[in-house]
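Note that chain A is present in both complexes that follow, paired respectively with chain B and with chain C.
Up next, the complex of A and B:
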């Protein structure tokens, strides 16, 4: 078990290193520089700025310097703002974290009960109707659902603000926009996983023994039935992050998603890199956790590697 | 004693049996079977006809429309739907109906071409890996695993912002993301087919490798490929529209459903039809493609259907 965890941690570190390297060189090889988008500035000032930020050094030197600072947790200065990248991310990360947590809570809070009910009452109305709605939820992209929710509940009904991130109520629409789509996916996965477990022999044996059906569902099958959901949580987090790019733009939320798109537009090298690194760390960490939890819950996986 | 033996009842039935055999031989192929199953699936059939309508609407419509999608008329901006402009006009006075048609042409076109590209790469890659097998296979699939683990949306956004935005880059970027799943699926399929009895039978009958690949492997992989191609088109369209919504996809004046939805979202408080109409067309197309894909999967690959 410990060997497995160590192996996965080593893999994650390699993956992170690859992502950082690709991003670093991709950003540097792109045409233009952080100072070309702004008003025309005199050449000597630009040269001074380039010198100041070390952009005139050979690329290899810049790369080594960057990695050196990164190991110490320093993501460098921003090229377009007076704050450092660390400060900018420290301000926007909690916002996105809150949004993502609400979204995940909605996704699990709706998806799990709906999926379990649908699997237990297979081929009934509580199966067909929610599952058809789930299909709609899966097909509707965030950039369609978001504006429509804002139009209906913000503009027409006036229950919520159309955009902003000030009052607690401002969390509702953005979190729903991201959460509903994942609720739909989770409902489908839960239903599939539960159906597979419910059709196994030990369930029949339990029924024959006279175990009450609710007890079979919650004590015998839930753990096995939810395995596919757990393995979906890794990709789901990546999806919630990419959903945040759109949702934070639509609802004017000062989170990492919107800030990432803006910093890429502004060619703010260090800010782009810093954001990508934080995203990558989050996704890698989530995948790592999911893998470890899976192996703990599902002993069959322990034999796969050996 | 008569020399002529009487025909036993079983022998007299022989002709019937041979007729049955004929029926079996000329009978149901994989595709005919699939077609019969698909015809019973009403959702899939309705989706198919909606898609036919969409294709005609988007690809033929712009030629019939009296307006060009680039013609602005600054005296007629942001009109509500009426007779001359059934979907109203946008912020530059361009006819919204024509823009929705052309936007659909762009979105569907990108969807189909990028899917074809990813199909070509994915099928070749997956089939090669499976057929060569051994260390090459392991190395090739490890590479796919590594790519899978990358946060692709982030790289796609980076590429589209940092480099000169063009439709070619859009194809490259989308193709690079979407071929991975296809490669995995095709590889798995070919691997399992290689081991099956009918392939073994064909080998023992002395058929050439070429014949086995052409007559036995490819037709069996084709079904799965068709299904996943149908399901890849909506995910490609989603990615394209997602980028266009962020202003990173197709560049103006060319519209796509994503950029039309963005314009609608910006003006929705006063002019909700600008949001609702393109959103409706886009969502309907995505639904139809997904339902048709699901239907095709159930029809072509009944074993893989979920319950």
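Up next, the complex of A and C:
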């Protein structure tokens, strides 16, 4: 197990380095620069700024400098904000993490029971109705669901604030918006995984032995049935906790998703890079975590590894 | 390794619970709603985007201006109702010499910084020196080039700041010597690039060249305006509270302003209608007609000092031919466009400079005349559009710009028989293309900085960084230069008028409409008057049932 983890960590470091390098050069090759604006600043002032941020140095020098600072944990100054990239990410990542965690809780809390129920009572109304709703949930994009929730529960009913990130209640609507979309996917994947396991021989044997059905579901099939959900959660986890541009914009949340998209629009090179690096680390970690969990609950993988 | 499934789930569950507790304990208190705001004198203000900086000498945007005007006061203030009129700010009174080229300002004795220091004439000299220091990246420093030798100092042609036309005769007397007669100088002074900064604070936080902007953070910020900065939560709000040291604090009724950086106009709309905002930054275009019909008491459409226009690349055939440019300008039905497409009561721009400048006579040569436009195009060698080359209309990606572009391309097609392709580009790519004249026709806009037409006309002089059309005209340059130095207001306006006539004859641009500022306002917000520059002195604004 340790060997497996070490191997994966080594791979991840190489992947990170490649991602940083590609991103570094790609943002700089994009047309425009951080200081271009509709009302142009005088050329000599722009040159002063470029000089100050080291943007007049040859690209290779900038790249080496950047990596040097990065190793020391310094992601550099932002070109468009008063705060440094470290400060910006330190402020916005916890917000996205919190929102994502609530959303994940909702997604699993709704998705798993619905999927399991649907698979156990397959081809009945308890299967058809939630699964059709899940289909709608998958198709309904967050930029539609978010405003609808805000309009109904915020403007009409007045139960929640339509936007902001101030009170515990402010978490509800945005977390629901993200959570419901994932709940729908998880419900469908859970149903599929469970159905596959429920049709296997050992389940029939268990039934024949007289094991009570709930016990079969929860102790015998759940482990295998949830494997597809866990592989889905790897990439999903990273996406869910790294923030959503749409949801953060609709609900006015100071998270990382909005920061990321804005930084790309602004050509804020260091902020783009900082965000990309954080994303990459998150995705790598989430995948690693899922791999470990899979090895734990799927004995077959353990044999493959050794 | 023996790990059971239950153990995994138990760990995950525990993790979630721990996380939930941690998250809830980190939550702060709520923000006031509109009713609490009215009771407690707290204005809830929709402010567009997150301010990039609160340093008046580095700021450029409208949201920044809204906040900075609450925190800092210049020599001259905006008037409550009329942007053409000056109102005393830090300067209690002032006088100009005969040709308005030397101005003397007498600072009031009771003007204090928020840390208790008196505001002195030396503070202004320090501020302007900071702005004009050659390496200082103040994007608006050219506003200060109106001071004698300011440009030369900035461009390092003059080494001694003593030669720049700004002097403190004593603590309370400031003399500005200008490059020439400038009757509209007081209007320029209202702009935040002329605002003072507190020398001690700047020096305590890294000095003039500090780029981190730490002096602008709450706790560090020292201003002399009606409000002080109390809280800045990035992407959430900026909160300012009434200053205990502001000289005119006794007339102020507002205790606080909360500026919300809401980028999404629909979100802002929901905040307003759910009682969390007194005034919005804008209104979603599609909602404007409905709201005008059903909530006329809430929606406001004020004239705004801005022009929406198309730049024409005059270095490229066939747009190098003035006849073609004129044909394009005359074949747009601007009235139909503002009635059917832009929907916000914008005014058809029959000239370039928007109306509203006192003493400047508006011109209107660009009526809708498709007949004449067709004749002009035929004269240019393209009868009924035959043989007209393929051209692209460039705009930055936005639904609103697309609709306008589609309507105008349609009018040109119907009236002139020519076909244009639409081309949208992402903002910075679009700016890049425009700067490098890599376009045929490009969507543009300009918002005036101060109350003088020169803020619009200066940009089309030869080689000006904001010209971006390839057009240049020696006579035009001469007139603008003359206007900058004209000894009397009449002459100043006369030069500018002649310059605009040339511009509208040559047409390197096609004006489309004059902006309106569209917003929702709680009727309990009082003394918020329509202003061309959209500046509303907060010290007069109040909330009341």
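One rule holds in what follows: the second predicted complex is superposed on the first by the 294 of 306 C-alpha atoms of A that agree within 3 Å, B and C clash if a C-alpha of one lies under 4 Å from a C-alpha of the other, contacts with A are read in each partner's own complex, and residues count from 1 in each chain.
The rule is simple: contacts are C-beta pairs under 8 Å (C-beta built on N, C-alpha and C of every residue); 3 or more make two chains touch, one makes a residue touch a chain.
Since this is a predicted model, take the numbers as computed values, not measurements.
Visitor: Following the overlay on chain A, give me a clash-or-fit verdict for chain B and chain C.
Guide: clash
Visitor: Quick one: classify A:215 as touching chain B (first), chain C (second), both or neither.
Guide: neither
Visitor: For A:82, decide between first (touching chain B), second (touching chain C), both and neither.
Guide: A:82 sits against chain C, while chain B stays out of touch.
Visitor: When the two structures are overlaid on chain A, which partner does A:280 contact: first (chain B), second (chain C), both, or neither?
Guide: First partner only, chain B.
Visitor: Just checking: does A:249 make contact with chain B only, chain C only, both, or neither of them? Give me first, second, both or neither.
Guide: Both partners, chain B and chain C.
Visitor: Is A:7 in contact with chain B, with chain C, with both, or with neither (first, second, both, neither)?
Guide: Once the two structures are laid over each other on A, A:7 reaches no partner at all.
Visitor: Examine A:204 and indicate which partner it touches, taking first as chain B and second as chain C; both and neither are also allowed.
Guide: A:204 sits against neither chain B nor chain C.
Visitor: Looking at the overlay, does A:162 come into contact with chain B only (first), chain C only (second), both, or neither?
Guide: Both partners, chain B and chain C.
Visitor: Which chain makes contact with more of the residues of chain A, chain B or else chain C?
Guide: C
Visitor: Would you check which partner chain A:101 touches, where first means chain B only, second means chain C only, and both and neither mean what they say?
Guide: A:101 sits against chain C, while chain B stays out of touch.
Visitor: What residues on chain A does chain C touch that chain B touches too?
Guide: Shared contact residues on chain A (touching chain B in one complex, chain C in the other): 30-32, 147, 150-151, 155, 162, 249-250, 265, 267.
Visitor: Given the complex with chain B, which residues does chain A contribute to the contact?
Guide: Residues of chain A touching chain B: 15, 18-19, 22-23, 26-27, 30-32, 122, 135-136, 138-141, 143-144, 146-148, 150-151, 155, 162, 192, 195, 238, 241-242, 245-246, 249-250, 260-261, 264-265, 267, 272, 276, 279-280, 283-284, 287.
Visitor: For a test of understanding, state which residues of chain A touch chain C in their complex under the given definition.
Guide: Residue positions touching the partner: 1, 30-33, 36-45, 48-49, 52, 77, 80-84, 88, 91-92, 98, 101-102, 105, 147, 150-151, 154-155, 158, 161-168, 171, 222-223, 249-254, 258-259, 265-267, 293, 296-297.
Visitor: Please output the residues of chain B touching chain A within their complex, sorted ascending.
Guide: Going through chain B, the ones touching chain A are 146, 149-151, 153-155, 157-159, 161-164, 234, 238, 241-242, 245-246, 248, 258, 261-262, 264-265, 268-269, 272, 275-276, 279, 282-283, 286-287, 290-291, 306-307.
Visitor: Please give the residue numbers of chain C that touch chain A in the complex, ascending.
Guide: 1, 3, 5, 8, 16, 19-20, 23-24, 26-31, 50, 52-54, 60, 134-139, 141-142, 154-155, 211-214, 216-217, 233-236, 260, 262-264, 266-267, 270-271, 273-274, 276, 426-429, 431-433, 435, 444-445, 465-466
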